[in-house]
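Same chain, two partners: chain A is paired with chain B first, then with chain C.
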Partner chain A sequence: MVPMPQDPATIAASATPPRVARKIKGLSDRAIAWIFVGPTIFLLLAINIFPLIWTIRLSFTNFKANRNREVEWIGTRNYERILTDSDIWLNMQATAHFLFWTIFFQVLIGFTLAYLINKKFKGNDLWTTIIVLPMMLSPAVVGNFWKFLYQPQIGLFNYIVAFFTGKDPSSFEMLGSVQLAPWSIVIVDTWMWTPFVMLICLAGLRSIPDYIYEAAEVDRASKLRQFFTITIPMVLPFLMLAVLFRGIENFKMFDLVVQLTGGGPGSTTELTSINLKREAFEKWRTGYASAYAIILFVTVFGLASIYVKALNKVKER
Partner chain B sequence: MSNFFTGLLRLKRGPWEMLATILIGLGVFMLMQPFVLWAFTYSFVTTLVGTVMFIIVSHFKD
Partner chain C sequence: MSSFSVTEPTKRTKWFAGTMVIVYALITMLPLAWIMMTGFKSPADAISYPPKVVFEPTLEGYVNLFTTRTRQTEEFLAANPPETWYEEIVREYDMVIAGPSKFGERFLNSVIIGFGSTFLSIVLGTLAAYAFSRFKIPLADDLLFFILSTRMMPPIAVAIPIFLMYRQLGLSDTHLGMILLYTAVNISLAVWLLKGFIDEIPREYEEAALIDGYTRFQAFYKVVLPQAATGIASTAIFCLIFAWNEYAFAVLLTSGTAQTAPPFIPTIIGVGGLDWPAVAAGATIFLLPVMIFTILLRKHLLRGITFGAVRK
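Up next is the complex of A and B:
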């Protein structure tokens, strides 16, 4: 007698050891689903939720991680200290300056590059690869080589600026000047992350079907009209997504700025994340730093909530 | 405008979300503005109230 061919599910089921099969028998689909999802939920709770709750708890204490003394509950005193500290207020302003200008330039240049790359021309793929290169580098490496580029005596950046303005290359110092240092970190972050915004915009541009433009051509819509009534509205959700990603990333920007300026000169480029690290791991004011981290977390969480909402509304249109 | 207040009274999601969004936006602006320190002091409470409100009201019916 010829054996009946078995389907893959039966073969897989028969491969289950009988002891395990006996145990699983009788479990509902929901229970089996929980068995599969359980480890992930456990990890999420252990890695994300528990530290968050612990940080909230610490933010109401005077805990110092380098001292073995009794921890006192001090209520909202850490929050009061942070929110009345004029130095932290200045750090917030430095972060706002960095955040606003990096996003502004990255969106402007990223969208323009995507628009140009989207046009069919010879060497299109090669140019895309070249443009995308900076974001593949490590922020530590980028910080180090831009430090060389910004050198007043040997730096290429100063020579290029001098070539166009006629100034002496060593007459200005990008990283050492109080006026120029905030702009120097904006330039480097824009150079590094504009390709990321460009890629997202390019995905948006390539998702627009050609027939929409063809229909607009038939209706004799001008190129400018097509740009404002087809291209921009259809790329908008992608642009908003890019702004969300870059906004959150830049709010907690640390490595690049530490490599470039270390927060100086003075504290002109000391972003909140750098200040937070100083409080937590140089001054060892763990409770205070926890309160600081919670303030930043609530701000980013609030912004992300309204942003995701806005994104969904744009997508629904 | 009257629709907005009617929506608030009837616990509709749209107007309440709008209010929460305004609070969050105002809180973030207060946190990062360079003009007055008292606005910075009260920024966190404003953002926190807005964020918690947003989480709650996003479960309201349309």
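Up next is the complex of A and C:
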């Protein structure tokens, strides 16, 4: 809660406002409201909406930002090319794999942890704070140091896996192999973001009032039944919110994976954002990349809207 | 325990839950602990197999992080004995320190851009949040949703036109450009969080002040702001952490003068061969402030990461 050293109403009542100030009292509330909101809206229009409109415009051209040639309108050709390009569907698949498995593991581990922490053992606050640390760190720097941990000869990860499985630590390369690389990014993202899901689930668990369980106990409902008929449904809206946040974030995923694998080997971990960066800032196909960006934005926006509707339905129940 | 409660977990349950959580916490801390340790290893120890847990600590990584070095002939080294402890460390490899590295500058850029954008986001965000909380604004819900939706765009998608726009305006690779950009990204978070905090302050306080002859501005300034101080402080830390950690815009829009630490740290590895201790030292220095802030913030963490959707 907000600390309240002294009742502010008393402070306000005891102080006499200076006379000069009364002169500008004429400003209506509506005017003040616009003065207060105006700068924010202006900034967002200038740095978010204006660029978005510009992107839409560019997406219908063959503009290349590194060349000074005549820009031609080419209609929807960029869109047609993207949607029929099989490589882009591969990137979409890589993104879907990443999205599905990160959310799966994060929900599973995050919920379990929250459930355990909610048993209120001694020192649970301290351990919660420790567990939460990874998610606040810079994803680029995290990706960079996990690359070190994944080194086949010297890395800690390979060493530990080798220690427990008896394999030779240099016999597998997490980042270099086509089979393992998609899982290596799932592992790091799960390490980093499980606490996020955990925190939200914990809030959900703590929002369930004790008397519901007490009533169930009176009705002689088994613990297992209580779990499935009380705990899970009550936490579900929270869990779905966590999934929404993680879904949007991981759909946009760039920094962590770029540092870890750079999209490789081949294009096995080339998520859509990484692919987009390559088209826009390495191949400089600005018009084409703009169309790509719009497609991604519409996809994430559309999926999120459908999902929010579902979330609201669950909440109403 | 004197009274029996059906919802209170048994001692055995607590013990089991506690053990599992602590085991997870220790595993999850292992990568971080390992990086911090690597920062104090010599390059040879850092790449030894099996990985060394016990080693002789050295500040070599940190010296290499902050300096650039050149190899010298034996005559030169003999003629110029080392004067400082860090010169001595470098001498073991027949090198001398040629000058400071760019890490200091990049770190300073992170500080300037982080604090600059946080300050702007908080000023603009507080004003907007107050207006949304207290006044009837037409289409307020739509505006708020619009503010939030700007956060859904993939940064690379926005980066294309911003790159072009900044090139025309001369804002590429400038502190001002990055501050404005991070403010625009952070403002959605600031408005949503602060609106939640201001909503919690009873309106009666201001109304009392207004009746006493305060103007709206004075009521906002003298009554609401002090009450919202905790909320403003935690929102500020969230904005700061975001700006501090951001990588995608930084790597696309800056290359020199205004480059922040996240795009720079990975490049350290290329400077002196496979100098993992220097990278680890850089990561440690960069990540520590965030860890400290996270611990300070723990009470408001949930709120911050969910844009105020979950409040406990």
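Some notes on this structure:
Here is the rule we go by: the second predicted complex is superposed on the first by the 281 of 317 C-alpha atoms of A that agree within 3 Å, B and C clash if a C-alpha of one lies under 4 Å from a C-alpha of the other, contacts with A are read in each partner's own complex, and residues count from 1 in each chain.
By definition in this document, a contact is a pair of C-beta atoms (placed from the backbone, for glycine too) under 8 Å apart; a residue touches a chain by one contact, two chains touch by 3 or more.
Here the structure is a predicted model, which is why all the values come from computation and not from measurement.
When the two complexes are overlaid on their common chain A, residue A:148 makes contact with chain C while staying clear of chain B. When the two complexes are overlaid on their common chain A, residue A:309 makes contact with chain B while staying clear of chain C. In the superposition on chain A, A:241 makes contact with chain C only, while chain B stays out of contact range.
Taking chain B and chain C in turn and counting the residues of chain A each one touches, the greater count comes from C.
In the superposition on chain A, contact of A:92 is made with chain B only, not with chain C. In the superposed model, A:84 makes contact with chain B only, not with chain C. Shared-chain residue A:298: touches chain B; no touch with chain C. Judged by the document's definition of touching, chain A residues 301 lie at the interface with chain B and also at the interface with chain C. On the chain A side of its complex with chain B, the touching residues are 79, 83-84, 86, 89, 92-93, 95-96, 295, 298-299, 301-303, 305-306, 309.
Those residues of chain C whose C-beta lies close enough to touch chain A in the complex are 5-7, 9, 13-15, 17-18, 20-22, 24-25, 28-32, 34-35, 38, 46-51, 124-125, 127-128, 130-132, 135-137, 143, 146-147, 149-150, 152-165, 180-181, 183-184, 187-188, 191, 197, 200-201, 204-205, 208-209, 212-219, 222-223, 226-231, 241, 244-248, 251-252, 262-263, 265-266, 276, 279-280, 283, 286-287, 290-291, 293-295, 298, 301-302, 305-306, 309-310, 312. Taken together, the chain A residues at the contact with chain C in this complex read 2-4, 8-9, 11-13, 15-17, 21-22, 24-25, 27, 29-30, 32-37, 39-41, 43-44, 46-52, 54-55, 58, 65, 109, 113, 116-117, 119-125, 127-141, 144-146, 148-149, 153-156, 159, 169, 191, 196, 199-200, 202-203, 206, 210, 213-214, 217, 238, 241, 245, 248, 251-252, 254-255, 258-259, 272-273, 276-277, 280-281, 286, 289-290, 293-294, 296-297, 300-301, 304.
Note for the complex: chain B touches chain A at residues 17, 20-21, 24-25, 27-28, 31-34, 37, 40-44, 47-48, 50-51, 54-55, 58.
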